[in-house]
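Here the structure is laid out as structure tokens; the discussion comes afterwards.
For clarity, chains are labelled A, B, C and D in written order, and residue numbers in each chain start from 1.
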Amino acid sequence: MTDPSNINAGVARLPAASRQLRLGIVGGGGGGFIGPVHAIAARMDNRYRLVAGALSSRPDIARAAGAEWFLPADRSYTDYRDMARAEAARPDGAEVVAITTPNHSHHAIARAFLDQGIHVICDKPMTTQLADALDLRQKVTETGLGFYVTHGFAAYPMVRQARAMVAAGKLGRIGAMHVEFMGDWLTPSPDEGAMPPAGWRTDPALSGPGGAIADIGTHAFHLARFVSGQEVSGLLAQLSRAHPARRLDDNAHLLLRFEGGATGSLLASQVSPGNDCELRFRIYGDRGGLEWSQADANHLWFTETGQETRRIARGGTGTMPAAQHMTRVPRGHPEGYLEAFANLYSEVALDLIARIDGIRSDTECLAAAIADGVLGVAFVEAAVASDRLGNIWQDPRALI
Amino acid sequence: MTDPSNINAGVARLPAASRQLRLGIVGGGGGGFIGPVHAIAARMDNRYRLVAGALSSRPDIARAAGAEWFLPADRSYTDYRDMARAEAARPDGAEVVAITTPNHSHHAIARAFLDQGIHVICDKPMTTQLADALDLRQKVTETGLGFYVTHGFAAYPMVRQARAMVAAGKLGRIGAMHVEFMGDWLTPSPDEGAMPPAGWRTDPALSGPGGAIADIGTHAFHLARFVSGQEVSGLLAQLSRAHPARRLDDNAHLLLRFEGGATGSLLASQVSPGNDCELRFRIYGDRGGLEWSQADANHLWFTETGQETRRIARGGTGTMPAAQHMTRVPRGHPEGYLEAFANLYSEVALDLIARIDGIRSDTECLAAAIADGVLGVAFVEAAVASDRLGNIWQDPRALI
Amino acid sequence: MTDPSNINAGVARLPAASRQLRLGIVGGGGGGFIGPVHAIAARMDNRYRLVAGALSSRPDIARAAGAEWFLPADRSYTDYRDMARAEAARPDGAEVVAITTPNHSHHAIARAFLDQGIHVICDKPMTTQLADALDLRQKVTETGLGFYVTHGFAAYPMVRQARAMVAAGKLGRIGAMHVEFMGDWLTPSPDEGAMPPAGWRTDPALSGPGGAIADIGTHAFHLARFVSGQEVSGLLAQLSRAHPARRLDDNAHLLLRFEGGATGSLLASQVSPGNDCELRFRIYGDRGGLEWSQADANHLWFTETGQETRRIARGGTGTMPAAQHMTRVPRGHPEGYLEAFANLYSEVALDLIARIDGIRSDTECLAAAIADGVLGVAFVEAAVASDRLGNIWQDPRALI
Amino acid sequence: MTDPSNINAGVARLPAASRQLRLGIVGGGGGGFIGPVHAIAARMDNRYRLVAGALSSRPDIARAAGAEWFLPADRSYTDYRDMARAEAARPDGAEVVAITTPNHSHHAIARAFLDQGIHVICDKPMTTQLADALDLRQKVTETGLGFYVTHGFAAYPMVRQARAMVAAGKLGRIGAMHVEFMGDWLTPSPDEGAMPPAGWRTDPALSGPGGAIADIGTHAFHLARFVSGQEVSGLLAQLSRAHPARRLDDNAHLLLRFEGGATGSLLASQVSPGNDCELRFRIYGDRGGLEWSQADANHLWFTETGQETRRIARGGTGTMPAAQHMTRVPRGHPEGYLEAFANLYSEVALDLIARIDGIRSDTECLAAAIADGVLGVAFVEAAVASDRLGNIWQDPRALI
């Protein structure tokens, strides 16, 4: 145990919840990765209680997963529409549902729950077509329901620290921002004649028009805007595929322009051997620069122009409240991806309880805005259009 | 979302639980660091339900914390003895209690719960005196109750990977092992005339005879044995203090001998500026070497003699089942300290359910053995004796 | 001392020279950085003897520098034309001259020496205008003289290793290459009303039409081609300036296309705080990927698709002859920038002695080809044109 | 080229030499590693001219190496005694000789040159027996000749920076210092029945009583004293061998005490797979801490107590004159082992010219003092004695 008072100096958790939210979940039973991530994230800070689920559309899997997750048998559904109706009808029904299924199903599922008055937490990209995202946005506007898109990387403490430092002017006028999300999990084998199936991610019918640009590029795009505090006013994309038989891009290389005059680049790749979900950003102004990488998530590297580079540690000296509120354990003990996702879930909980119970919250829900979800879908379409039209500038905002 | 089938290849969670355990907790309400860590760890994998707590001996704090943790008001106690009696008397009472208070209170609290037939999870060091640890061990032997000491670092996936590789002979005959736990949170200000209070950690009455050697040295000692698979047959300690007014060691430098013939070193420091809980080990044999650091917890660096150094990533190629069972999310998305602690809690749950329900478990509870807790206390006493007697060799096992 | 036979396994210096070359130098006396670099590089492997210099056009500086460099007084010139004539007239005159002056003077100086039959080693960019580069190329073709452009980074051992691995097919079919050269030495102060002079580098009259794109972008461009073994068939550039008063680009962000079908990106920046000449490349194929950074110049990071990432150490296991020939000291003892530059000088020496003395050399002079120098100037012009014409694709080869 | 005035701010070379020294060398022709290192180091800054050598005792090797090094045939000797006599008799004879042969021969060779009035630069350890070192010291005292022992690591710029910061009080009162030199080049194969020969390094007759402790431990010991500015007042050593058939230690683990009250540790190993000459130190005081590693030689990591860790770059902000005088190229372009060795040679040159020519030098020759060479031999003997006597404290100074 290691808890002298000073070592907790950089730890300032979010406000306690007045109560727990009743959460339902769709997807997650079939061995995919993101369903359990949502469940752990919801559980970590004790702000949710999982009460219902449609964990799989296959009855046997749904049943087994429901038992494993300790769902009551009668609230472990196989059809999300049944779930939406039944939970809406219960006085103790799910207040909010987390959608963790493949992209193409997000719209229908979200719509089913919104139609029943149930708030939604939706994985990204929000939908595979912009029209669907706009439809959900309109429904949300009409109903006043909460709709949250999980750009979970934006809830890493040191990402918040970066955003806060930029907003506070520590970097001066921003000149350039570079962001990238590099993976290798779709690297084709050189021996395969035709590409093997790589799950729904390489199928346009299930993933939408974007491959890497949608799957991970949207995260990079969100981070670029989130950290810089500036909208991307232009993008110029070159999309490519590592294998001719692949139907969606697996390499996306973009030039960026920001509304404040900065320029930059965005790389997204699923075919870069040696990269394990390497998400990074670099942002430079005339007063200083910042660099961050998920692989070293607990540190932010800050250089004031003309000074030595400094390593700001999560929980340590130099952290600002924006980061401290995302911090659970003292500096040195690493927090990771699940903690970031849980931070997002905690912010959603505070926002949602305030909304449902009609109370005021001082905590902004920064990383889950529906507007960012909609813009993420527009980003994919703008990038695909830029590439198709011969690598010309597109403004993703113009599509909305 | 990023879940093509191959990316989950290195993820193989522990067996699902047949039921949840009813958990009580002592300590954790007063703003310390380790109480919430236990609570999150218990919650993460959904294997425990927190049903009762003595979160503080101060009624106001206990009440506020109990509300924040959503404990029923009548099961939020201010006296652990009341809690032990009351919970033992309930048919739905806590089956197991987590003790997260300062070291000097571990023995009395643990004894109170064991006396009521309640299993115990205890933070380390297990007690401040060896006699107390032996008393608990005897009680446990007599009653057949479970007693688990939380050497949580040993549940990091890549620590398990290291242990499994050593056991599989990947390193050959072990020649040397170096382990260290370096911090800076007690670095004295050069301006202070006398030392300020640094909490109970620098008070022998509350911490026992060891400072850094007990607070963090025990973790390093546990790792040395855990990873090498060998007992430490000798230690020679030099303990020192950064400030004459300090009453316990804050720097501990030890030479080690292992029963298999290897030699090594152990460093523990609370006064090394720039170190944020830097826990590391290095182990070398005639077939290869391994290096690991908590600061880069998701990688293990492996060198086969004469080959390039390889970076084994948690969840990636080269991982063995021992690591995969400790893994929740694919390679690249970092897991951290809380996940390691949750791994330990999950292993304890499997062990305890098997014990309580009389069923067989194939999962060994590796990182929480009471024998390791007892030996950790003996280690502190042996190190203090070695230093006091002029830096001579001591065998910690000889004290038990 | 550390020299058991095995530790030298990865050290295989270039063939010994049959004699030393007589070297002259132009520039270097005025406190600039690159002049002494050439001098040290020439001296390191004992293949040159400095016999003459025009170290500065200012007589006092030329005299002082000549004395400091131990030049005979009568061979320390102030006018490079005098030097060219005088040295050509001596039987023991300089055989080759190193030009280390600012860019705009390269053409005239090089021409003066070529006209006198003296071989030339020229810093990059070769000239500030493509016409001048083509003029020199024609002169060289006519005379058969040697002309070497110092792309020194391409003589780092681990850059050679990367090139050799790509050529040997270790990466399979190349899909993407990213290269960058990031600095911060021209970051403007936020307080300055108008930009201060930053030497000749920000003056188009002295530097030519490119700023960062010429000063450092040419190095990145050379590396992209050198390592991939492929020509860049298209580039699309976005050039920008951190301050409106600056007259040349200080940020250059490019998309690339390679003739073999790969895509990629190139970043060059002089205004990215925290970057100290950070030159990096990443190259990915379907069999594997490689990453290298000047900041960790002695290691190359190699991932075979589906395998653990491996760290290949200069001088260590896994190195190929191409790297071993660039290696002087065993693995672990770092070699740096000057050693790389000296490697280039050694290759030039072997090539030049073969040329002058009419003997055959088995050593290719890889990093100093005049064709690469010419293409580097075309690259700058193509990038400037791409940006000016609205960020459209340009083929630098089409300009030649 | 990258040389705006500001980027050279951290570059401040040593004073220019008034003339070149005439250097002879003994050893270096036989393919060993350290001979060429001395030659390059002498050449790099143009302060020496190699005029004579006894590059090997085998005539064919000596002749071939002499030709390759461009020695006049009549000054390429096969017997160092002949060389000493002949060079002493020439008006243009070698003024100073570099001894780069195996340890056991240092004494006789050094003595031969001192007897002829020729100054000596000697690799470390100075001798294999303390009596021999003391003999040389006495001879030097009597004759007033220069005798320099090449502790080259102490001439790394960032090692100088560390020393200067400690001396300036930036770390406050020093509490602990840890130093280590870890290699793997003698790791035995697990398959070999008896140990193979590993050159003269594992033969007590040629290496003296110490293995790793002498070969590399002396470097670590020198650094500990050099950086801390404190004498080691006590050491307690545990020496071991990775294989029973080995006759000298290959693992040395020591506890240290410093005269100022600090404690620490020293590790030296030749059998730690994955370590390529990893030389590191860490030093901690009550005002701050410093960490340095040869693998990242161009950076020094500085933490003021309670502040963020800062990365001080060679040639960059925060460097002190002591480091700047050891710096040739701007920050970002790495300098390495050969540059450090050349720094030492440059300091020796300044010192020696001042001595020979009777002029005053403001440059202290910090890293090559004979006193440090003698103490290094005493260190080996003290460590061996400590181990043999049962790991008891020894003061190396007491042996002299």
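Convention: a contact is a pair of C-beta atoms (placed from the backbone, for glycine too) under 8 Å apart; a residue touches a chain by one contact, two chains touch by 3 or more.
This one's a predicted model, so the numbers in the text were calculated from it and none came from an experiment.
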Practice problem: Would you identify the chain whose Cα-based centre sits farthest away from the centre of subunit A? | Solution: D
Exercise. Consider the two chain pairs A-D and A-B; indicate the one with the greater count of contacting C-beta pairs.
Key: A-B
Quiz prompt | Centroid distance [mean C-alpha coordinates] between subunit D and subunit A, Å | solution = 53
Quiz item: How many angstrom between the C-alpha centroids of subunit B and subunit A?
Solution: 33
Self-check item: Residue list for subunit C, restricted to those that touch at least two other chains
Solution: 275, 302, 306, 309, 313, 316
Practice problem: Can you check the complex and tell me which residues of subunit D touch subunit C? | Solution: 1-8, 11, 16, 20, 31-34, 36-37, 39-40, 43-46, 68-70, 100, 102-103, 123-124, 183, 185-186, 198-199, 201, 215-216, 275-278, 294-298, 313, 315-316, 328-339
Quiz item: Which bits of subunit C are touching subunit B when the two form their complex?
Solution: 302, 306-313, 316-318
Quiz prompt | Footprint of subunit C on subunit A - complex, ascending | solution = 172-173, 175-176, 178, 184, 187-190, 236, 238, 240, 242-243, 251, 253, 255, 257, 263-265, 267, 269, 271-275, 282, 284-291, 301-306, 309, 391, 393
